[in-house]
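Paired with chain B in one complex and with chain C in the other, chain A is shared by the two complexes that follow.
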Partner chain A sequence: MSEILSIHHVTVHLEQNRRKLTVLSDISITVQKGEIFGIVGESGCGKSVLSNSILDLQPKKMRVSSGDILFEGQSMLKKSKHQLQKMRGKEISMIFQNPMSSLNPSLTVGYQIVEIIRAHQNISKKEAKGIAIDVMKKVGLPRAEQLFYDYPHQLSGGMQQRVMIAIAIACQPKFLIADEPTTALDVTIQAQILHLLKEIRREQNTTILLISHDLGVMGDMCDRIAVMYAGEIVEIGTTAQIFENPSHPYTKGLMESIPTPDKKGNPLYSIPGNVPSLQERMGGCPFASRCHLAIDMCFTSKPQLKKVAKAHDVSCFFSEMEEVSFEYAKSFS
Partner chain B sequence: MQNLLVEVENLKKNYTHRKLYKIQELPAVSDVSLLLRKGETLGLVGESGSGKSTLGQLIGQLLDPTEGIVLFEGQAIEDMTSQQRKRLKKDIQYVFQDAYSSLNPRHKVSKLIEEPLIIQKIGTPAERKEWVNDMLNEIGLDKSYRDAYIHELSGGQRQRIGIARALILKPKLLVLDEPVSALDVSVQSQILNLLKSLQQKYQLTYMFISHDLNVVHYMSDRIAVMYLGEIIELANVNDLYEHPLHPYTKALISAIPTYKRQGEPVLLKGEIASATDIPNGCSLHPRCPFATEICQFEKPVLEEVNQGQYVSCHLSRINGQ
Partner chain C sequence: MDYVLKKTVSSLFTLFVVIVLVFLAFRIIPGNPANIILGVEATPAQVEELEQKLGLDQTLFEQFIHWFKGVLVLDFGESLRFSEPVLSLIHERMGVTFSLAFMAIVITIFVSIPLGIIAANYKGKFLDVLISIGTQIGLAIPSFWMGIILIMIFGLMLHLISVGGYVPWSENPLRAFKALLFPATAIAIPQIAILVRYLRTTMIEQLNFDYVRTAKSKGLKDSTILLKHVLKNALIPVITIAGLNFGAILAGSLVIEQVYALPGFGRMLITAIGDRDFPLVQGMVVMIAIIAITVNLLVDISYRYLDPKIKLK
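Our next item is the complex of A and B:
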């Protein structure tokens, strides 16, 4: 496997009232070709900002102030607007959370799929329509020929999301960013869409960067997972490592707080407090204020991502001290 | 029948939809019967458009049924005088999904929690103030939040206010309509724990509506599964999750994404039908992978297949015997 995307020490700042707020600090990720890489975190942790900055889609107020994003070895940050525009949809595509607000309500579904095909390939409208209908069939849209002339509001949420996926894969991109692709959908439709994403990966060897707050979806879909908290990556590892041996107190807390059948009858663990807002973030470990292991050191100095096992990195001072994690495990029971 | 709190018999609710000159009836809830026992939590699951919120609102007295009756503690709500109905609203309270849009942004927290008491004309201002303070304590918020406005609070805190507002009247039944679906996982567990402990303390009966099957499993004693306005399966939590009988329930439960999922999910074809165009026979048959001929023509009825497990499916009756 080779690297397709690597994010090197990326820091993103937000300018607000002449203050510089850190949205993402020092994020490093490498995504291998053909894998499904997951980014999980609660709302406000910066997972969407991270994925948007790959294609320079973040709001103007947010700037990547240091670090670099390399796609197939080339820096995305040094590319001109025109070069980026050429890549969007062709090399890297995105599926957004809310299809209704991402599709243009005044254009037919077919037009919107043909639009992206014609933007990247010099072919006639008729040929493009043929490709569009093929893609629509591939994503499981029924009656593709009729649906081609329908408007987005005539479709259900699941079908709209399929249209979004059709637009995203119309030019057979190498890299697909799916930002909460199933959050707005029902469970049975979610299962269909996730199944479809897996199939796209299998057939076209597309690399998928999947962003979600739902650990269940992550566990089902991903090969590797990065856990984000307050603009930082606190743990990164294979899905098995994250689920079977979560090592950061935040990851552990998240795992414990999901209601699963075996936890019925006992009170759920809950992480005290809330995610700190941008203004409240201080130096030190971002999780310190909610972590019941925290010592003075956690508030003053920032832990770095450190290897705890092969391909498993954790950013916590306690991750190496075994007796503490034992005590921590005990505190749950 | 001492321990029955709510009995629902053949409840129907149709919405009307005007299409130029035609008035179309949309059946949101059709022919639902169920019982709520005192102190239990009945979970209500289903996809969007299945009528679970409508049923919740019918029981929560926010909507009047088109047909059918709701009995509260043995008394038909239909026959109640307006005074009795007002008292009934004290016994049945509703918690909404989105606390931000269901709470008045111009009121302070103290006013929001006190308001139900004022409407019901309970207590003097001094007493009410004390009760509000007690209630804030109960839901885990500091007294200093009395003067806060709703926009100053986080999602979890807002939902706590929503719960406090419902609880201040000391109701017997709480209808919880997706109370945690707008919250993050770590906050969600705080609210679920709070609801559990309040239920024990005040012997509350919950009707818990959610689309999150893990949350419903955690909270409920019994679960009703709805599809296109009907209850298609009703059973104890363990029976339902371990031996789901209806194909739709099977699909729902197998569709819960988890790490190391057991086997392949049962994928349903297509999507939930529109309420304007409910299929003949079993309403699931166009999507059901097991559908046979009889499913297209004859509507199955809800029958007790195992003890306490009710299913409306032709196949379960055939397979069960």
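Our next item is the complex of A and C:
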């Protein structure tokens, strides 16, 4: 396997009232060709900012202030506006959270698919329409020929998301960023859409960066997972490592809060408190204020990502002390 | 029911209400037309004779039915003052007023849409500020005054237009165009100011929508995103304002005709009101109403093209 995307020590700042707020700090991720890489974390921890910055689609006020993003070995940050434009949709595509608002309400479904094809290939409208219909069929849209002339609001949420996926894969990109692709959908549709993404990966060997707040979804989908908290990566490892041996208290908390059959009858665990806002973030471990294990040191100095096993990194002072079990700590809270 | 049919029926109903109101308005305002036509020295017998001739002795309902039958075939009767059919009087003057209004609309559209797009695209930058100052001035200055200023600058100082040199389109289209260009511009300026500000706001609003990010992620050019994706959505509310303002454009042309001494509706309407020439006034008002309602109907129908959601309603 070879690297397709590598994010090197990326820090993103937000300029607000002449203050520089840190949105992402020192993020490093390497995605291998053909894998499904998951980024998980609560709302507001910077997952979307990270995925949007790959194609420079983050809000204008946010800027990558240090680090680099390499796609197939080339820096995305050094690319000109025009070069980036050519890559968007062709090399790297995106699927967004809310299909209803992510599709243009006043253009037909067909137009919105044809448009991306014609933006990257010099072909006639008729040829592009043929490709669009094929893609629509591939993503499981029924009666593609009629649907081609429909407007987004005439479709159900699941069908709208299939249209979004059709747009995203129309130019057969190597890399697909799916930012909470199923959050706005109900559970049965969620499963169908995830299944579709897996199929796309299998058929076209597309690398997928999957972003979700739902660790349960991640387990079925991903090869590797990075856990993000308050703009930092707190744990990264293979899906098996994350599920079988979660080492960061935050990851453990997320695991605890997945509803599973064996927890039936007991109240579902939830991590107390909220993700700190950008203004509230302080030095030390970002999770310290919500952590059961936190000691003075956690509030003053920042733990670094350290290897606990092969390909499994955790940033927690306690990760090395295996005797401190999560259950044990919880009994004190 | 079909959307267009539904809108047409409701427009016809509106028109009917206007016809009734126009008729009633003239019966309510004081002043007997027969008295005014004959002057203060007329004998009661003479007045009665003329009232009979004009049908003023009939009941209100009979008068209305008589008039309404005429309106249906665009026969508004005869002008009391000019003793000519109202329709032919309207026909003579209509050309000026409607070409003025039409030119004002064309100028408004062709100037305000690009300016609105530029202002939104360069939000907060120099061009936006410049356009914003321009629209402030355009809004603050009444169009008749703007008309006078334009005559002063382009007519008297630069000699680009001949003041009062209107000839009908059929005689000399170029001269007609030149004579109407500046009054139409004077009418258009406040409209442009309103629409630019409105379009700027809706464009900026639309630019923050998720679908714009999707369009960017597809690798589309900025100009495509702006013109194909954003503009179409931003125009929907703007068209409403433009349609509602059509009345203001017509009213503006009535006033501007006075400033530029153009032989249009404006002066005839004002003298006709003074003369209590009610068939003429009624005819003109109904004619203006027909045009205004038609424009609004066209606006409603154009929504269908712009906003696909309307098709379902």
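The definition used in the following text is that the second predicted complex is superposed on the first by the 320 of 333 C-alpha atoms of A that agree within 3 Å, B and C clash if a C-alpha of one lies under 4 Å from a C-alpha of the other, contacts with A are read in each partner's own complex, and residues count from 1 in each chain.
The rule we apply is simple: contacts are C-beta pairs under 8 Å (C-beta built on N, C-alpha and C of every residue); 3 or more make two chains touch, one makes a residue touch a chain.
Computed from a predicted model, the values in this text were never measured in an experiment.
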Item to check | When chain B and chain C are modelled together on chain A, clash or fit | outcome: fit
Checklist entry - Which partner does A:142 reach: the first (chain B), the second (chain C), both, or neither? => result first
Checklist entry - More residues of chain A in touch with chain C or with chain B? => result B
Checklist entry - Touch check for A:153: first (chain B), second (chain C), both, or neither? => result second
Next on the checklist: A:173 in the overlay: touching chain B, chain C, both, or neither? Say first, second, both or neither.
Outcome noted: neither
Item to check | First (chain B), second (chain C), both or neither touched by A:303 | outcome: neither
Checklist entry - What is the contact status of A:257 with respect to chain B (first) and chain C (second): first, second, both, or neither? => result first
Checklist entry - Closest Cα approach between chain B and chain C after superposing, in Å? => result 5
Item to check | Set of chain A residues, in rising order, touched by both chain B and chain C | outcome: none
Next on the checklist: Please output the residues of chain A touching chain B within their complex, sorted ascending.
Outcome noted: 42-43, 142, 156-159, 186-192, 194-195, 213-221, 239, 243, 253-254, 257-261, 263-264, 267-271, 274-275
Item to check | In the complex, chain A residues that touch chain C | outcome: 52, 55, 57, 85-90, 93-94, 96, 98, 101-108, 115-116, 119-120, 151, 153-154, 164, 167
Checklist entry - What residues on chain B touch chain A, complex-wise? => result 47-48, 154, 156, 184-190, 192-193, 196-197, 211, 213-215, 217-219, 237, 241, 251-252, 254-261, 265, 267-268, 270-272
Checklist entry - Which residues, counting only chain C, touch chain A once they are in their complex? => result 209-211, 213-221, 224, 228-229, 232-233, 236, 306-309, 312
